[in-house]
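Once you scroll down, you'll see the structures, which are given as structure tokens.
Shared chain: subunit A. Partners: subunit B in the first complex, subunit C in the second.
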Partner chain A sequence: MGHVVGSGRPTLLDTGAPEDRTLINEIDPRTRILAAIAFAVVVVSLHDLRILTGALLFGLALMLMARLPTRSTLRRMVTMDSFIVFMLLLLPFTVPGDEMFTVFGFPATWQGLRQAVEIGLKANAIILTLMALVGSVEPVRLGHALYRLKMPEALVYLLMFMVRYVDVLQQEYLRLRVAMKARGFRPGNNRHTYQSLGYLIGMMLVRAVERSERILGAMKCRGFSGGIPLLGDLAYTGSDVYFALGFGGVLAALLALQFLV
Partner chain B sequence: MSSLIELTDIHFAYPACPPVLKGASLRLDGKERVCVVGHNGAGKSTLLHIVVGLLRPSRGRVVAFGQERRIEADFLAVRRLAGLVFQDPDDQLFCPTVAEDVAFGPLNLGKSKDEAMDIVDRVLSSLDLGGFRDRITHKLSGGEKRLVTLAAVLAMEPKVLLLDEPTNALDEDNEARLIEILLSLPQAMIVVSHDTQFRERIGSRAVRLADGEIVPG
Partner chain C sequence: MHIVDGALSNEVLIGGAVLAAGGIALGLKSLPAEKMPAAGVLSATFFVASLVHVPIGPSSVHLIMNGLAGLVLGWAAFPALFIALLLQAVFFGFGGITVLGVNTVNIALPAVLVYCICRRGIGSGSPTVAAIWGGIGGGLAIALTAGCVALALALTGDEFLAAAKLTFFAHIPVMIIEALITAAAVYLARKVKPELFESFTQSPSQGVSS
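Up next is the complex of A and B:
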């Protein structure tokens, strides 16, 4: 089983954030979640490209403050971009306006390009801030923080179970893969491969269902009655106040600039 | 009250499978530590699950702590008094942190947060696990997980312990530590184990589950 492996190995849930104290780490996760949401709302309401660039730079600065590893963080950002890249590429062709050039008779417009750039800047600024502020929270603490922020309990429990079992499932998957490899399985583009991978996924599902039943049994044995008490103790401190003031100041400045230009 | 747990003529079959238990009877008295052996799939775990009502026998009587138990409501009290330690600790430790997992039972029993934390500290320190309080459960090693599941069950202050293959995936040191802990506990126990040495150290009586029935080991 997965628990045979030592406790020091990296897990799927590692945030990549340093465990020692950083400027961002000092701040209560609830403050960080609320700050990230406020930032997203403000950035979405901005339109000036120069101010949006400023917001993106602010996101980069937060990433450096949280001391997230730059390369892997930016790679995650690019992964998010790949979801919207087609929309961004199509926008110049779908927004009416002054013609920039044509492709196969379809005109691309300056107005469309501007919108694409605007959306790209907004999305990346928000995702960077989200990763710097919320992504660096240890998942269990994130669950506690959401619970204390009065998120629906069912969603928090879902997150907590995910946190708890994603690693167990991954270990199970890796063991099955090793077992396949040990018997000479080499994936290729053929029927045998797809059938074997189908069995693998099916087996994982069956095992997950069986495990969930055993977990429910174990919970019942300890008097489970529908609610899971969460104990984490979070407390706002002075640094939260300073952070809220500073962060609020930046947001206010972004909004003020938008009104001025 | 003569016996703590008494199973009489238990029959059980999983859906679409041949019967596993065909008239098994088992009695556990105070201070006893009964070891159950039997080949794979003989129904040893099934037997433990029937004691706490996670499975219902198709025939037979379950008497626990002086009362016959039939329906789910009857078994709620049994589950508090008979602590079942599961075969795979990952099934049992579902809370993110050790403290939360150990406190889960006491909180369900209606204890306040402070009372629950007192119990957590007391149980963990009695098992010499004081330093594990705020550890993340899925990052514990196999031996640590096993001891924490035991702590989680002991936190409910049960009168009987039901242990399903407790030495699975334990190294020698951890096994020795587990034996030492179990021998120091006052609870009566039903222990399912393949580990001969472990059974010899722990058990006060051994029975064998063969062909769906309990015979003297």
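Up next is the complex of A and C:
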């Protein structure tokens, strides 16, 4: 059945970031995490649409520097939950202000449109920068970097386990779906579908617990005593200093522009 | 249900972050090293389950399953769901950074509440009764999550009030579906491996394996 699932399939957490050296990959993961957080805090505090557009363009430049695949990354950027899209569409009708046009007697306002655009620009600029700077870090290295940034050890272990097993379990899920399909299961709007999917998830949980018992056994056999060594060959270098200075300069410029406008 | 960056007011963002930090700290307390593999693999299972698309009318929704996560993980659902949201933001572009705390509370607090309300029922002698409690928990978790999202929006400003109300009512079909799926999952797990629901409630000294 291996050919159905596909062996060359990229892993679930694979963003398509290149393994080889890119301008962004030269920078220490910790610097990138801190930079992404600082960028988010600064951008959330901005209000001018032109400056926010500049922030989004900056995010685009970072994405190109990280050499993430353009199309899939941009699609991930613009994808939002449907209720958020709905909320943004409603904003022109709920914010009071100057009338733009009316739909069925409900006036849409420029101020509302402006606010919706502002939220859209902020959300996209921040998530794009996050994916470019942090999403391009190899997941296990991300765990080490977060540990060195004083994230509690237990949370880091949880992250490492998830990074490892999300993919294993997705393969298992796909295998079970193939098995269901082979027995004639076709999802539809009926109780049978919901019951079958519920059994599927229940079965996956049962298997997960049994798998975790085997994992714990294997870990104990190798001397697990409550801690997992977190090896980190992380070291700040000269390029981190230049990156921090440049990035800090951009953030300062964004804030200064907001102050001047 | 991921709120994006830039939508909420600073007060709501900070409040959410503080609540999330408290919940995570409490959750980590109930997570000894022995339970780490179980918590990690179960969290990964919920991560995969949240990618399952279920048909609903002409369209489809993806599952949230935070009720079931609460029933299985207890307080550990807080750190587990936080890491899931972190990975989703970093690698999939769902949600955001400054809203991470609010999003964690919106998903994990209902999970823990459901655990507190329904764990008695889940442990009942008959799998059918357990399944009914599972269904109640599954539906209740979505209702509470939708309520928390609506509250976060409504606290930010009056202009979001209409969207907040609509968010809640639009999720009623999702509540029903999650209730049915959670009930079925609980029924199967109770029949096949009843100790699944005791993994994170028994005292650590009893251990997972011998």
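Everything that follows uses one rule, which is that the second predicted complex is superposed on the first by the 221 of 261 C-alpha atoms of A that agree within 3 Å, B and C clash if a C-alpha of one lies under 4 Å from a C-alpha of the other, contacts with A are read in each partner's own complex, and residues count from 1 in each chain.
Rule of thumb we're sticking to: contacts are C-beta pairs under 8 Å (C-beta built on N, C-alpha and C of every residue); 3 or more make two chains touch, one makes a residue touch a chain.
The model shown is predicted, which means the values in this text are computed figures rather than measured ones.
S.K.: Check whether A:V241 is in contact with subunit B, with subunit C, with both or with neither, and answer first, second, both or neither.
M.R.: So A:V241 meets neither subunit B nor subunit C here.
S.K.: Contacts for A:V163 in the overlay, against subunit B (first) and subunit C (second): which applies, first, second, both or neither?
M.R.: Both partners, subunit B and subunit C.
S.K.: Identify which of subunit B and subunit C touches the larger number of residues of subunit A.
M.R.: The partner making contact with more of subunit A's residues is C.
S.K.: Who does A:M219 touch here: subunit B (first), subunit C (second), both, or neither?
M.R.: Both partners, subunit B and subunit C.
S.K.: Considering only the touch criterion stated at the top, classify A:V140 as touching first (subunit B), second (subunit C), both, or neither.
M.R.: First partner only, subunit B.
S.K.: Can A:L230 be said to touch subunit B (first), subunit C (second), both, or neither?
M.R.: In the superposition, A:L230 contacts subunit B only.
S.K.: Classify the contacts of A:L23 with the two partner chains as first (subunit B alone), second (subunit C alone), both, or neither.
M.R.: In the superposition, A:L23 touches no partner, neither subunit B nor subunit C.
S.K.: A:V206 in the overlay: touching subunit B, subunit C, both, or neither? Say first, second, both or neither.
M.R.: A:V206 contacts subunit C only, not subunit B.
S.K.: Share the list of subunit A residues that count as touching for subunit B in one structure and for subunit C in the other.
M.R.: Dual-contact residues (subunit A): 139, 160-161, 163-165, 168, 211, 215, 217, 219, 224.
S.K.: Going by the contact rule set out above, which residues of subunit C touch subunit A in the complex?
M.R.: Subunit C reaches subunit A through residues 1-7, 10, 13, 24, 28, 31, 33-34, 36-45, 47-49, 51-52, 54-57, 63, 65, 68, 72, 79-80, 82-84, 86-87, 89-98, 149, 153, 158-163, 166-167, 170, 177, 180-189, 192-193, 195-196, 199, 208-209.
S.K.: What residues of subunit A sit close enough to touch subunit B in their complex?
M.R.: Its residues touching subunit B are 1-4, 6-7, 11, 139-140, 143, 160-161, 163-165, 167-168, 211, 214-215, 217-225, 228-232.
S.K.: Under the touch definition given earlier, write down the residues of subunit B that touch subunit A in their complex.
M.R.: 49, 52, 54, 76, 79-80, 83-84, 86, 88-97, 99-100, 103-105, 107-109, 113, 116-117, 136-142, 144-145, 152-153, 156, 169
S.K.: Could you please specify the touching residues of subunit A with respect to subunit C in the complex?
M.R.: 13, 15, 36-37, 40-41, 43-44, 73, 76-77, 79-81, 83-84, 86-87, 90-91, 93-95, 112, 115, 118-123, 126-128, 130-131, 134-135, 139, 142, 152, 154-155, 157-166, 168-170, 173, 187-189, 191, 193-199, 201-206, 208-213, 215-217, 219, 224, 226-227
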